[in-house]
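Following this line, the structures themselves.
There are two complexes below, and they share chain A, which is joined by chain B in the first and by chain C in the second.
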Partner chain A sequence: MKNDTPKVFKSIFALFVVAIFMIGLFYAFVSMPKGWGVNVNNRVSRLYILKNVRTATRLLDSGKFFAKGMKPLRAEVPYKPIKFKKTANLEDGAANVVTSIVVDYRGFDTLGEVTVLFLAASGVMMLLFGKRVKPKRKKTEPSLIMYVGTRIAFAVIFLFGIYIFVHGHLTPGGGFPGGAVIASGILGLFLGRNGYTPNHAGLKVFESLSGIAFVIIGLIGLFSVKSFLANFLPTGIIGNLYSAGFISLIYIAIGMKVGSELAAVVDSMIGDTKEEWS
Partner chain B sequence: MLNVVLGWLGTVLISIGVFFLFLGALGIFRLPDLFNRLQAGTKATTLGVVSTSIGVGLLVKGWLPFSVALAVFLLMTNPISSHAVARASYRAGVKPYHGTSPDECAKRNLDFSGEGEEK
Partner chain C sequence: MNIFNNAALLIGIPLLFAFSIPLFGFISKQLTKWVTIFVIGFNATFSLYILLAHKFPSVVVMGNWVPPFGENLYVGPVAVFLVTVVSLIGLLIAIYNLWAIKGGDVTRFSVLFLMYIAGASGIILTGDIFNLFIFMEITEITSYALAAYGPERRALGGAFKFLVVSSIGSTLYLLGVMLIYTQLGTLNIAEIAARIGQTTPGLLTFAGVLLISGLAVEAELFPFNGWVPDTYTGAVNGVSAALSGIGAIAGVYALFRIVMTVLGKDGMYVLTYGKLDLMAVIAILATATVVIGELSALTQKNVKKMLAYSSMAQMGLVAAGFSIGSTLGVYGGIFQLINHSIAKSMLFLIVGVLVAAGVGERIENFKGLWKRSPFLSLAFTIGAFSMLGFPLFAGFWSKFAIVGASIQRGGWYDFIIGLVLFASVAEAFYYLRIVTYIFSSTEMEKPKIKVNLSPAIPIFILAVAIVAIGVYPNLIGNFSMQSAGEFTHKMKDYVLNVIPTITAH
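Right, the complex of A and B next:
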């Protein structure tokens, strides 16, 4: 919207957007199944109540929980020990089980987490938004040791952050801690130089591109495997760098997004601003 | 044979590291002011952590590159961070312990009110 549009149109537009959201929420609320309309047995596995793997396995093998004519599936699947760097074509070839749960099995939830982080960052930036002014108090110049040391340390920290999120499917870590590590390196640059500002446009472009990449990867899964955020790449051999399908792709996107977001938050918290209401 | 030697070497290094970590903790309890405590808390623990991590790298097969990288990074960043903390606290007006007899930093013509640059 341009600045010279009358205020009435702006208000009407805002009301329209809010009304669409309200209608959508109302529809979602109405169309939800009622509590008494849900048969819990359809939703929760009856084996879940046993809370004991051994008992559940025995009951499954005896075929008590199956209809007549059905055989227990476990009898047909042979037991196969998983060997590191040997076994191939697992359901999800990630060596790090946490990553395989977080990104593959409940990837939609991770998309929600990224959205929450994005909302929090934009809230911080909205609160601290204002015109940048020169501070009255002169900042003292950081010492030479800090200047040189943070520059060297930034390279090492940046590399380590990238290592964390590229190896997310092999070793503990992943996109969120990797991004936080990168943002802490940028915080070190802030400490080491007076008047350091990151490239704001670059940060914004990076963040948006990585967010879009996440959704696009999900959409590719939707069109090729018929499910949003489904693994559409070959899983490979467990333990190799090129394995586990799209997990490393998604973690690269998440790491870039979290790193640029947290760097922007740090920047908006450190910069001196003056409130200005239009 | 090599494994035994490496194992003993690693154990000795870990013991030295633990001893220096203990000295660092003791110094943080016993020393009088911020600067002395910083000395104990960073110098002693730098040696402690470095020798502990290298000892673990010698003990466990295949961890040596990681522990050497960790040691190099600690040796690089630990003095810088302690320097930054000490400098910031001196500038913020933390007075040294009265037993610190030659306060060399006060002799330099520094403006510590935060209003100007170093002269």
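Right, the complex of A and C next:
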């Protein structure tokens, strides 16, 4: 749209688009089905129903959805209670259900997400690439409290970040938040001291190595269990630190990668560069 | 269900090397470009092996969870064929980049270019709609970062436009995925395809419109393709070639995988579920794309901008071919898609060589090119003839197939005959104008253009490929015909290969 278009038309157009969107969404949700009548015999397998919690509970409580001559599932599959710190060798073994879905069942998506973040950081750094120049503007010197405080806080924040991604399979959190927490600690260092520069080569190596580690964990799965990103370690006892197989390994790799990547992005955005094209 | 898990290396190896390229960058910047060539070469040979050793159709199980529960890649005829084409064209452009990419952050450029190819292969291979979204993000982020690369200011403008449009597009796509997930509780393409009849028609229509709007951004269909001219013109020529040769394949594939396999009905001519036939909607959008693209290309004086508009119009033709919905139509669409990728990426590479030699991008600058470089002139002429569908060049056979398919379908689809003819006439006008300029003589003697080996190899191979397909169309045609069935007979050729126990609803 050109800039000389009257503002009224722009607003009307925007309202029109939003209205279409809202009406469509409203209509879609109004016309949602009321019941969940599902013919079990047409589904993939009877065990499949157990994966869909909502349908499974309905079907287990009342046997009316089952076809004639089909035994109720509860008799077939005995109910086994799962006890924290006692039950061993579960299908996945992570106490945190979100983690087990994110890293184990849909681990390939997570590999993709890590790559998306890596590529976004690479793109930013490619655009801001150039010779470092001294910034022209005057900087105010941070106070003593800031200087000392950020350095003390950095150790605590760093430790907390590591805790979050190491315990990803037990408590809420995981690699992405843990890495973000670590990067925020490094941001504190930038604020606390004028002219602070992290070790660029170190960050780069760290970032690359942790990314390589993730893919190599996947490749080990391909060559030992014959499936990419498959769990090749025992799942252990639920609730223990050493449980849930390769989930904690992957989360450590993700945490280190996200932390170093965000720190590198912050670094490249703070510094002033001058473009140079040969 | 055949399981062929080693095909996961098609994604795994590029990822591994993409993460390690910064380490290679410490040794030498030139080395990173060679690593890119090596990895894309591995992808090309491996996918060529799968294609020729007939390892398909098979399923790649990810994380040892069988298809409806975990994620899977589907290595079907379409996927193998398109991945082979994508990696071969990517390999050629990577060889060109060896010469073209000099200044700036070469290391990161190599990472992004490698992941662009890998992301496009991922879109084509995946069998899960959310995974498709992830790979869409990967290709889009890499493509707008790549489009912003270069010393020129206009690159940034084009890249920013693409960033805004594609972010909105992928959000809409995600919303559509969410609506389908509320209904069926699954993200697996095969399972959704089998059970799509269980959803309510109103919701399905809205979800379908959202999915199409999201995917049409990369497939360059009419209301969503405002980014095309600026991004293609602003980007470095190697990147423009990749955008038109690789991104377009992935975008069109994703669009029609969703519309024909996920939302479509099995039948002689594919229609979609819901209150609205989305195939007809796409036919209308495709028509608008062709008409607007061709008419805009006619008025351009800048060759790169003209190629960009022509690329848009060709995508419209591809979509029109697919929207006929019969096997012959899809065959024509895929064939046209491949021909367009080969010819258009070659034309962009030639323009890149000419710009580097100081010729310039405007049409007048092409005057007397025959005297200065016979090789580039001949290659440009071959590409132009293929684009406009001259007999004995590749483009002729695919346009012929699209016309044949619309005659076979009959009804109101007959207008596609007129559409193809209109496109050919318009293309003949603006491509032959350049060809005339190339072969006309000038008074002034200008120095000869020296073409390095590294850009000459890809241009030569692509030109030979166009002539070879034109003389012997079954080279590509056989594979396209095999692939076409996968789109039109979704239960037999797609769903049952992934989940053998499922029944359609």
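Observations, loosely collected:
Following the convention adopted for this analysis, the second predicted complex is superposed on the first by the 201 of 278 C-alpha atoms of A that agree within 3 Å, B and C clash if a C-alpha of one lies under 4 Å from a C-alpha of the other, contacts with A are read in each partner's own complex, and residues count from 1 in each chain.
The rule is short, and it goes like this: a contact is a pair of C-beta atoms (placed from the backbone, for glycine too) under 8 Å apart; a residue touches a chain by one contact, two chains touch by 3 or more.
Since we're looking at a predicted model, the values are computed, not measured.
Once the two complexes are laid over each other on the shared chain, residue contacts for A:Glu113 go to chain C alone; chain B is not touched. In the superposed model, A:Glu141 makes contact with chain B only, not with chain C. By the touch criterion defined above, A:Phe129 reaches chain C but does not reach chain B.
More residues of chain A lie in touch with C than with the remaining chain of the pair chain B and chain C. Judged by the touch definition given at the top, the superposed model places A:Phe84 against neither chain B nor chain C. Once chain A of one complex is fitted onto chain A of the other, the partner contacts of A:Tyr242 are absent, as it touches neither chain B nor chain C.
By the document's definition of touching, neither partner reaches A:Phe13: not chain B, not chain C.
Of the residues of chain A, not a single one touches chain B in one of the two structures and chain C in the other. For chain A in complex with chain B, the residues that touch the partner chain are 137-138, 140-141, 143, 145-146, 149-150, 152-153, 156, 191. Those residues of chain A whose C-beta lies close enough to touch chain C in the complex are 24-25, 27-33, 42, 44-45, 48, 51-52, 54, 104-109, 111-113, 115-116, 118-120, 122-123, 125-127, 129, 201, 204-205, 207-209, 211-212, 214-216, 218-219, 221-222, 225-231, 275-278. Residues 5-6, 8-9, 12, 15-16, 18-23, 26, 60-65, 68-71, 102-105, 108-109, 111-112, 115, 122, 130-131, 134-135, 137-138, 141-142, 144-145, 148-149, 151, 179, 182-183, 185, 191, 200-203, 206-207, 209, 499, 501-503, 505 of chain C touch chain A in their complex. Interface of chain B with chain A (complex): residues 73, 76-77, 80, 83-84, 87, 91, 114-118.
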